[in-house]
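Alright, structures below, take your time with them.
Shared between the two complexes below is chain A, which has chain B as its partner in the first and chain C in the second.
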Partner chain A sequence: MSTAGRGRLRALGLVLPLLLFILVTFVAPLATMLLRSIHEPAVADALPETVAALGEWDGEGLPPEAAYEALARELVRARGERTLGKVAGAVNRVRSGLRSVFTRTARDLRDVGAGPWRDVLEGIDPAWAEPATWHAVRQTGQRFTSRHYLNALDLQRMPDGSVARQPEERRIYVSLLWRTLLVSAVITVLCLLLGYPVAHLIAHAPERRANVLLALVLIPFWTSLLVRTTAWIVLLQTQGVINDLLVAVGLVGDDGRLAMIYNMTGTIIAMTHVLLPFMVLPLYSVMRAIPGQYMSAASSLGATPAQAFFRVYWPQTLPGVGAGSLLVFILAIGYYITPALVGGSKGQLISNMVAYHMQTSLNWGLAAALGGILLAGVLALYMLYDRLVGVERLSLG
Partner chain B sequence: MGFCALVLVFLVAPILVIVPLSFNAEPYFTFTEGMLRLDPEAYSLRWYREIAQNEVWTRSLVNSLIIGVSATFLATALGTLAALGLASPEMPSRRLVMSLLISPMITPVIISAAGMFFFYSSVGLGQTHLGLILAHTALGIPFVVITVTATLSGFDRNLTRAAASLGAGPLYAFRRVQLPLIAPGVISGALFAFATSFDEVVVVLFMAGIEQRTIPRQMWAGIREQISPAILAVATFLIVFATILLATVAWLRRRGAG
Partner chain C sequence: MSIASAGAANDTRVEFLGVDKSYDGRTLVVRDFNLRIRKGEFVTLLGPSGSGKTTILMMLAGFQAPTAGTIRIDGTSVENLPPRKRGIGMVFQNYALFPHMTVGRNLSFPLEVRGLEAGERRKRVERALSLVRLEGLEDRRPAQLSGGQQQRVAIARALVFEPDLVLMDEPLGALDRSLREEMQYEIRHIHRKLAVTVVYVTHDQQEAMVMSDRIAVLKDGVVEQIAAPEALYEEPERAFVARFIGENNRLRGRVVTVSGGLCEVEAGGERIRALRIADCAPGEEVTLSVRPERVSVNPESGVYGNQVGGTVRDLSFLGDHLRVRMDACGRRDFIAKIPNIAGHGAILVGDTVRIGWTVTDCRALDIETKGQ
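Showing the complex of A and B:
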């Protein structure tokens, strides 16, 4: 084997253990999670013959007796095998109210020996006489489904197969996505406005002073996120330090304390604080490489300070501006902890909705679809970052 | 200049405010009149005593250390090996591999946590220390890869060639020549990985049972459920800890001149 070939193999051999480790402990979990957004086999597994019988149905009026008969049999079996809850939950998410219909029907069917099953089921619950109920069963009976993604985009599949928008009061996710993008953009701009002068100051200060100033940026960077979030609660809450101060100085009355936390203001302030170092560090490393003589040259050639800055200095810092802004924006759109703790009900972002569907509503398919949309956005920005900056140049202080 | 000073105050002041408040003698989250008068009676160590005597906090410290130290060792060993391969000019698809290895750092943590929750539970690692160690290793690896590859980019390959020409085997040359020179980068990466695990709460929220609760998980509960100045005492402890880590990394960087 050639030396080059051996070098390749050696390099690959060194990387391989970690590559396998990441694939198993990180990539595989992400993939199984994303699979949930398009794959929901609960109904198809528990009610296979019902689903098959509904395949014969043209969708007009009510399905044939065979579907009623299969459903009656399989509901009782699902109840015995304890899969009924999952089935009822899945159907209920397509048409709310069906959870109780399913559990009641399965329970009451125990005492029934013989058909005709259509009459039996309609006798137990009139919902079985509504075509919409059967459309919901047929829809959830598909193993692979686009409904979670449709749902995440405030769309729904109509009984005739067409796609339509959700009714007005159920449109929440698209506006939440926009709000997340908007808030992230606001935070990125704030970080740039606050971080640019600071990075400039540190980059061109004498070394000893620069080290001290840099430490002031790095202390929050290294301090626990929960500590920083706690700090903002202590400062911003109605009985907190800042409100106490404002009342003591007389700027606001005791009954006029400002609501600066548990809303979007709290989320923006705390997240700007948390993400600011990610802006300052790349800016600093770019600015440090700009020789001071350039600016003096510009002014000795007659440029005003503003001209020297905008025509000479600013263009050279653009790589840092791009790197810092992209990084802050990427981190902001996926942020979870800070909005969850200081955002209240108004300051939540898309990640918090993923968590809500994971932990509270238990609509894992929808959580996965929202997560998939978020991940797609982040990965697109990450690829852009890699092209513009290169991932290996991520600044870690 | 004045603006920069304000921004630096914005960065540091919130953290510094926590420290005196953790010595509050009263169960409040704000400065009492006695504290402002610097009355010694208004200050006390009661919250520090409370956390030191509270088994919930001591056990979560032990859990944090077990998980953090194990994850750090794994991440540092695997990450350093991989960085050696990535630094080699013969490495194929270098850019692709690198961006894959760094992806845990930029993937929104809620997505990683949800995926890990399903996957680790399905293979029997839900609510175990091992599951959390593996998860935290994955999250810490990008930091090791980044710092070690950065250090290696300044490493003169002629040094290992010289060692080889003098008869050193590859392992011996690595251990005696290369490793001591890149050690500052390796240790910095390890400290980053440890800090990541020691501060991680979302994966723990999803995956840990009562037995695996860590310090950040306990603080989360403290902020959301029973707000007590005891968490300010813990926070002060974490601020001191972060400062030590930062000073160590800064010192290593100066030694490594990287």
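Showing the complex of A and C:
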């Protein structure tokens, strides 16, 4: 083997542990999760013959007897194999109320020996006489489905195959998505407004003072996220430090205490604070590389301080502004802990909904679809940035 | 001071009157600086690093405020005038071209902030570019230009708004030697053509000699001598100037007698007669300065006012002249340059020679003290 080949092999050997680590802990879970958003085999695996029989059905009226017969047989088997719960859950998500129909039907079928199965099933539960029930079974019987993405966008597939909006009271995700984007944009702008002067101060201060200031920016960064967020609760709550101070000074009455936490205000304040270092650090690294001579040159050429800033300084900091904004925005739209702790019911973001579907409703497909949309949004943003500014100019400090 | 400045006002562009500068409130980096610069003059501030030359330039440009004293431009004190209102063109050490703007935008920047209209701007940018011979490079970015081209753009930008006064802070420091010589010529050419007043800062004595009408030699924040290049070379008034400008044999000695403009000095066991430049009395120490090219080896006796013996230690043939290093006057590095003209006598290492120089080529100067 050539020396170069051996060298390459050794290099590969050195990065292999990290490569495997990333593969196992990042790429694989991400891929599985994204797959779940389009792949749901529970019904197809448990009720294969029913699904096949429903394939013959034209969707008008009720399905043929063969479908009833297959369903009756497979429900009993699924109950025995303990896959019934999964099937009932999947169907129930398409048409609520069907969970109990499935479990009751499977239970009652134990005592029935022979058909006609249509009469038997309709006898157990009248839901089997409704075409909508069978549409739900057929829909969930597809292994690959766009259902979760439609759901995540407040859409649904009608029995005739067309796509329509969810009924008014079930539309939540699109507005939440927009709210997440809006809040993230607000947080990004706030971080930029607060972080730019600080970064400028640090970048152009004498080294000793710059180190102290930089440490002040980084210390909260190194503090536990939970501690910082809890500190904001102490400060912002109705009986908290800030409200007490405002009352003591007389700016607000004791009965007019401001609601600054457990709502969107709390989420925005706490998240701006948490994400501020991600804005300051890229800005600082870009600003430090800008010699003070440029500003001197601008003023010697006749520019006012404002002209020198906006024409000479600001454009040179744009790579840092872009990097910081991109970083803060991307982190903000996926942020979970802070809104969960200080957001109350009004300050929740899309990630909290993902967590809800992961942990409470167990609708992992929908959670995966919401996550997939978020990921697509971030990638789109990244590409937009690349197109406008160029990723190679991204400076993360 | 008021009488002198009033009388000279109409041809004076810049005036420094007793200017002091201290950054820390204790040590002065510039001390009692006085200089009057005429309109159209090319004045260089020359000195080693830390001599205060850049500080003086920054005070004139308005980036630093004097601790004491007055700076006047065209007769008006500029104490409260910010840099942008001084109307001074400035060329910075590393050019300070705005990297995110094209050459054209860099040049039109000072015109835009002055509110000139687009047509006029274009005309002036074109004119400035042709002045530095860079026509057609408007759309390049500074990073796409060579060092010499960037330097030209920086000069064009400092001139494009037609200032009466241009400051240059070691503008050629980053260029290689041949380019530097070309740019020296070019800057001189532009200076003559535009009749603009230039204050130039450099630590390179040769550059200062080539370009300037007058040179102010600075050391530790104090002016050692202000004079035209020839005068600085031929008639240095301070030991530092004699050492800093050109090559020079320096002999430390003690004054024996003084008579009018001359003095006799004992140095390295020899009695040497010299022009009495420093205000010295018998018994005091002085530095004698003799240029190597004014020293003759084995002259006919009686031609020179000073004649001593020496031993040749080293010879270097440099084409146009022969450089002879000798033991003489108590020094082991006494240098003589013998021009390569027909008939100069053959000299060998180890020869005992007689060397001589005239009284007027030998100057008795002060003793340099370290860190005043």
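We take it that the second predicted complex is superposed on the first by the 367 of 397 C-alpha atoms of A that agree within 3 Å, B and C clash if a C-alpha of one lies under 4 Å from a C-alpha of the other, contacts with A are read in each partner's own complex, and residues count from 1 in each chain.
By our rule, a contact is a pair of C-beta atoms (placed from the backbone, for glycine too) under 8 Å apart; a residue touches a chain by one contact, two chains touch by 3 or more.
Nothing here was measured: the structure is a model prediction, and the numbers come from that model.
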Quick one: classify A:L341 as touching chain B (first), chain C (second), both or neither. first
Tell me the contact category for A:L213 with respect to chain B and chain C: first, second, both or neither. first
Just checking: does A:P197 make contact with chain B only, chain C only, both, or neither of them? Give me first, second, both or neither. first
Check whether A:P315 is in contact with chain B, with chain C, with both or with neither, and answer first, second, both or neither. second
In the superposition, chain B vs chain C on chain A residues touched: B
Touch test for A:L30: chain B only (first), chain C only (second), both, or neither? first
If we overlay the two complexes on their shared chain A, which of chain B and chain C does A:A4 touch? Say first, second, both or neither. first
Could you list which residues of chain A make contact with chain B in one structure and with chain C in the other? none
For a test of understanding, state which residues of chain C touch chain A in their complex under the given definition. 61-63, 82-84, 86-90, 92-94, 96, 98-100, 109-110, 113-114, 157, 161
Listed in rising order, chain B residues that touch chain A in their complex are 1, 3-4, 7-8, 10-12, 14-15, 17-18, 21, 28-31, 78-79, 81-82, 84-86, 88-92, 95, 97-112, 114-120, 122, 134-135, 137-138, 141-143, 145-147, 149-150, 192, 195, 198-199, 201-202, 206, 216, 219-220, 223-224, 231-232, 235, 238-239, 242-243, 245-246, 249-250
Tell me, which parts of chain A touch chain C in their complex? 291, 293-294, 296-304, 307, 311-312, 315-316
Chain B-touching residues of chain A, taken from the complex the two chains share: 4, 7-8, 10-19, 21-22, 25-34, 36, 194-195, 197-198, 201, 211, 213, 215-235, 237, 239-241, 244, 273, 276-277, 330-331, 333-337, 341, 351, 354-355, 358, 364, 367-368, 371, 374-375, 378, 382-383, 386, 391-392, 394, 396-397
